[in-house]
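Below you'll find a set of structures to go through.
There are two complexes below, and they share subunit A, which is joined by subunit B in the first and by subunit C in the second.
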Partner chain A sequence: MDVYLHLIGQGLAIGLLTGILYVLIALGLTLIYGILHIVNFAHGEIYMLGAMGVFYCYVVFKLPFAATLVVILLLSLLLGLGVERAFFRPLRGQWLQLVVASVGLSLIIQSLGWIAFGIQEKNVPSFFTGVVAFGGVRLPTQRLIAAAVGVVLVGLLYALVYRTKVGLAMRAIEEDEETARMLGIDADRVAALACAVGFALAALAGAFVAPIYSLNPGMGLEAILMSFLIIIVGGLGSITGTVLAGLLVGVLQSVGGVLLGAEAAYGLVFIVMIVVLVVRPAGLLGKA
Partner chain B sequence: MKRGLLGLLIAALVLLPPLGKPYVLHVVIVILINVVYAQALYVIMRMGYLSFGHAGYIALGGYTSALLVTKLAITPWIGFLAGGVVAGIFAWALGAVTLKLRGIYFSLSVFAFAEVVNAAFRAFEVFGGPAGIAGVPRPALLGTRLNTHLQFYYVVLAVALVSLFFLYRLQWTRFGFTLLALRTRETERLAESLGINAARYKTLAFVVSCFFCGLMGAVHVHYLRFVSPFVFTFFLSNDLMIYVMVGGLGSYWGPMLGTVLLTGLGEQLFAAGYYKSLVYAVVLLVVILALPGGLISLPRILRRGGARERVLPVAADVTAARER
Partner chain C sequence: MLEIRSITKRFGGLTALQDVAFTVGRGELVALVGPNGAGKSTLFNIIAGAFPPTRGQIVFNGRDVTGLSSHDLARLGVARTFQQTTLFGEQTALENVLHGLHRHVPARVVAGLLATPAYGKEQREVARRALGVLELLGIAAYRDTVAADLPLGIQKLLTVAVALATEPVLLLLDEPAAGLSRDEATRMMNLVASEIRQRCTVVLVEHNMRIVAGWCDRALVLHFGQKIYDGAPEGLTRDQGVVDAYLGVAELA
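Up next is the complex of A and B:
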């Protein structure tokens, strides 16, 4: 019995630490959804590119860790701006086309990834070694630091959305785009910024999981699946809802994985999503 | 004219195959199977809904039939139907919950559902685990097992023609017109104000769509003679969506055109692995950006002289803010 309690404690802690990284990906989706009203399917691939970026910059080209992060940050911001300009802007207001275009984009990045990076799984050595023990629960420093960075990034995002003028513009567009445009808000620029920030969050999440998982070009699929479940459970467009749901899903997956096995944990998370859809269709904190 | 062409095409499909080589037959079989999948998906895309997980329902149909036939020794003919029915039941269950909500909830839930179904097939020994189920027999007719390509071709052709005819006729029924009226938030409200239960119609449309996917999925599995979690994946769902979008949403013949062209192309690119997805995706983006009505809108645009009119009427309606 004691062993089980211990395992659950361990699962709970790991779940929270993983959950915060899911939150980063899901928040980018939420941000883009708020402005463009689409879910960006290519988001999982940006996460994959972030992780691959670490492999190439940090392992292959031996850049310092900080420089690696800067490179990934800049490239993902640029990619976000570029994708918005090339694909999302011409299709504004055409929901079906927009979503399908993001699926196409995801396929392009993924298949190019398989062609360029190969099918060999890649591993990145830990940035930080060591284990920290809290009571009976032992956590790798690596995961703790990744989670800490996640918390900081979530805090920064809150500040951006709720404390800056750009954030005000974002919320205004989400509320009522037509009125926002009439008041002189440049919706295209705000959309570009949302994409850039969203992409950067996903890429950074990828960068911090790089030492935790084996990397391959298909790794975005699991991440995007979990993120979709999270934004449904949390409520589309709600930042706080996304954060709560991300932690919840992380814990469910981790504890469920320990007790029932990885595949059953998927099922568990899915059942939670269906229950939420039945009981609270708009999600935990979503507006109906 | 149109009717004559169609008759000619069907006659060719019935009469020519004995002359074809097995490889050519294989390509035609794959095309026929994909055409039914795409046309079934079109039922819900026509009413403005996207599904990222139709492969999940195809897999449900395939596994149902494979299990019934290999474990319980039931005849494949009943297996086919059972595949469709099981897929339909699961579609009803998910649709009843999600189709009352905004379109995006539906799309994401179907995607998650398909992944969970896939995980279940991988996890449980009953379903054969990652190795899947091998030795799925072909059906027998009048005492002969339909083991050759040519014999099974006619099974596929029969199922495809019946399905396609049904899905075509469905558009011109009261039910089909009602679905068209649910394309946008505004027209949906209007329909509801006339006493139409939109959620029930949408759920029924999803059930019909998944029934035919499950049915053809079962036929597909008996064609391959095996099924595993890696046969019907997310990539199949994507491909189907791409066929429909590239062909065009404006007409019943659009998805068919897209499927025939891209499946034909895909068979040629098959050896090249990931290049197939790459080419499909590039074609998709080019068509979406340059030709929003899909390839089927091309003759009309050419006749008008230039792509002045950017979006065909029906396609425009379908794209209007579904999820808001």
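Up next is the complex of A and C:
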């Protein structure tokens, strides 16, 4: 019995740490959806590029860890601005075309990834070594730091959306873009910023998982599937809902993995999520 | 300050406006009158930049603004309200007005994220300005109420507050008194004719003759897309064309 409790505690802690990284990816997706009304299928590839960025900057070019993060942050922001300008803005409002564009973008980035990075899986050594013990629960320092950064980033996103003028404009656009434009809000610029921030969150999440998983250009698929699940269960467009659902998925996957094995854990996650959606079709905090 | 030069607007084969021309002087309070389908809303939409005219020109403050987007016109100082109350329903009255202040507030994303004291001070200043607009319209008591929960009369005043917060030079009001009780309509029009017109030029769409005659300087009558009257409200009932086209119909209805 004690062993089980211990395992569950361990699974719970690891689940929360993993969940916060899911939250980062999903928040970018929900932000872009809320402002641009675009389901960005290429989001998983941005996460993949963040992880690959760590491999190349940190492992191949041997940049310091902080410099690696700055490079990834800047490149992902630029990529977000570029993609919004080149693909999303000209197609605003045409959702079918946007699906084609973002699915296409996802496949293009993956293909280029296979060409550029090769089929050999890449591994990144831990940025930080060591284990921290809380009671009987032992957690790798690496994961704790990743989660701490995740919490800080989520906090910054809340501050951006709820405390700044740009955030107020974002909420205005999310509710009624036409009226927002009429009040002099430059919806295109706000959308570009939302896209850049969304990309940066995904890329940074990728950077922090780099030492945890083996990297290949197709790794974005699992991330995007989980993120879709999270933003739908959280309630489309709801930031707090996304945070709750992300943590829930992380914990279910981890505790389920400890108790039932990793393969069965996926099933468990989806069963619980389907039940949530049957009971609350609009998601945890979504509006019906 | 606003000059409409021979505007024509066609939607497919339908001519919504035919060679409409008029001017509005600074500080005027002008009513746009006409039966449903006369082209009033189309005209409003064109002035506010929702879509361009088929032919003709709009000159605002000496500048040709024909074909500019609504967001550009908002920056030049044109604000409008809609007949249906257009508010951000999920947000509080104060937040709604803050959206109106958007273009007068600097962005300062970094300061906002760091929550610096200077930023906090600036935010309090902005909130105070927004509250000032609510006070001007006598609805400050509802500052923290979510817009969708407000009674219709207050919502209408709030849409005017949001438009006014943009500090417009020209304010276009689409039936500000529609759906209001007689008392509420009087209160609205008293505000429009005093506090609001001291701050900007006002053009409003109105059906109700009591309001046009009671508060407006001048009436413009549209009928099937053409201007048939431009003059003092008192002259409306003596003008045979207007009586035939509009008042007669209204009385029959």
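Everything below uses one rule, namely that the second predicted complex is superposed on the first by the 288 of 288 C-alpha atoms of A that agree within 3 Å, B and C clash if a C-alpha of one lies under 4 Å from a C-alpha of the other, contacts with A are read in each partner's own complex, and residues count from 1 in each chain.
Following the convention adopted for this analysis, contacts are C-beta pairs under 8 Å (C-beta built on N, C-alpha and C of every residue); 3 or more make two chains touch, one makes a residue touch a chain.
This one's a predicted model, so the numbers in the text were calculated from it and none came from an experiment.
Asks: Quick one: subunit B or subunit C, who's touching more of subunit A?
Replies: It is B that touches the greater number of subunit A residues.
Asks: Between subunit B (first) and subunit C (second), which does A:Gly267 come into contact with in this model arrangement: first, second, both, or neither?
Replies: It touches subunit B, and subunit C stays clear.
Asks: Using the touch definition from the top, say if A:Ser214 reaches subunit B (first), subunit C (second), both or neither.
Replies: The answer is neither, since A:Ser214 touches no partner chain.
Asks: Touching A:Asn123, do we find subunit B (first), subunit C (second), both, or neither?
Replies: In the superposed model, A:Asn123 contacts neither subunit B nor subunit C.
Asks: Quick check for you: in the superposed arrangement, does A:Val100 touch first (subunit B), second (subunit C), both or neither?
Replies: first
Asks: Tell me the contact category for A:Val166 with respect to subunit B and subunit C: first, second, both or neither.
Replies: After superposing on A, A:Val166 lies in contact with subunit C but is clear of subunit B.
Asks: If you stack the two complexes on chain A, which partner ends up touching A:Leu183: first (subunit B), second (subunit C), both, or neither?
Replies: Only subunit C is touched by A:Leu183; subunit B is not.
Asks: Of the residues on subunit A, which ones does subunit B touch that subunit C also touches?
Replies: none
Asks: In the complex, go through subunit A and note every residue touching subunit C.
Replies: 156, 159-160, 163-169, 171-172, 175-176, 178-187
Asks: Could you list, by residue number, the parts of subunit C that touch subunit A in their complex?
Replies: 48, 69-71, 74-75, 79-80, 86-91, 95, 98-100, 102-103, 105-109, 112-113, 115, 162, 166
Asks: If we count contacts the way the header does, which residues on subunit A are in touch with subunit B in the complex?
Replies: Residues 37-39, 41, 87, 90-91, 93-97, 99-101, 103-105, 107-108, 110-112, 114-115, 221, 225, 228-229, 231-232, 236, 261, 263-264, 266-267, 270, 273-274, 277-278, 281.
Asks: Touching subunit A in the complex: which residues of subunit B?
Replies: 45, 48, 50, 52, 97-98, 100-105, 107-109, 111-113, 115-116, 119-120, 122-123, 234, 238, 241-242, 245, 249, 273-275, 277-278, 280-282, 284-285, 288-289, 292, 311, 318-324
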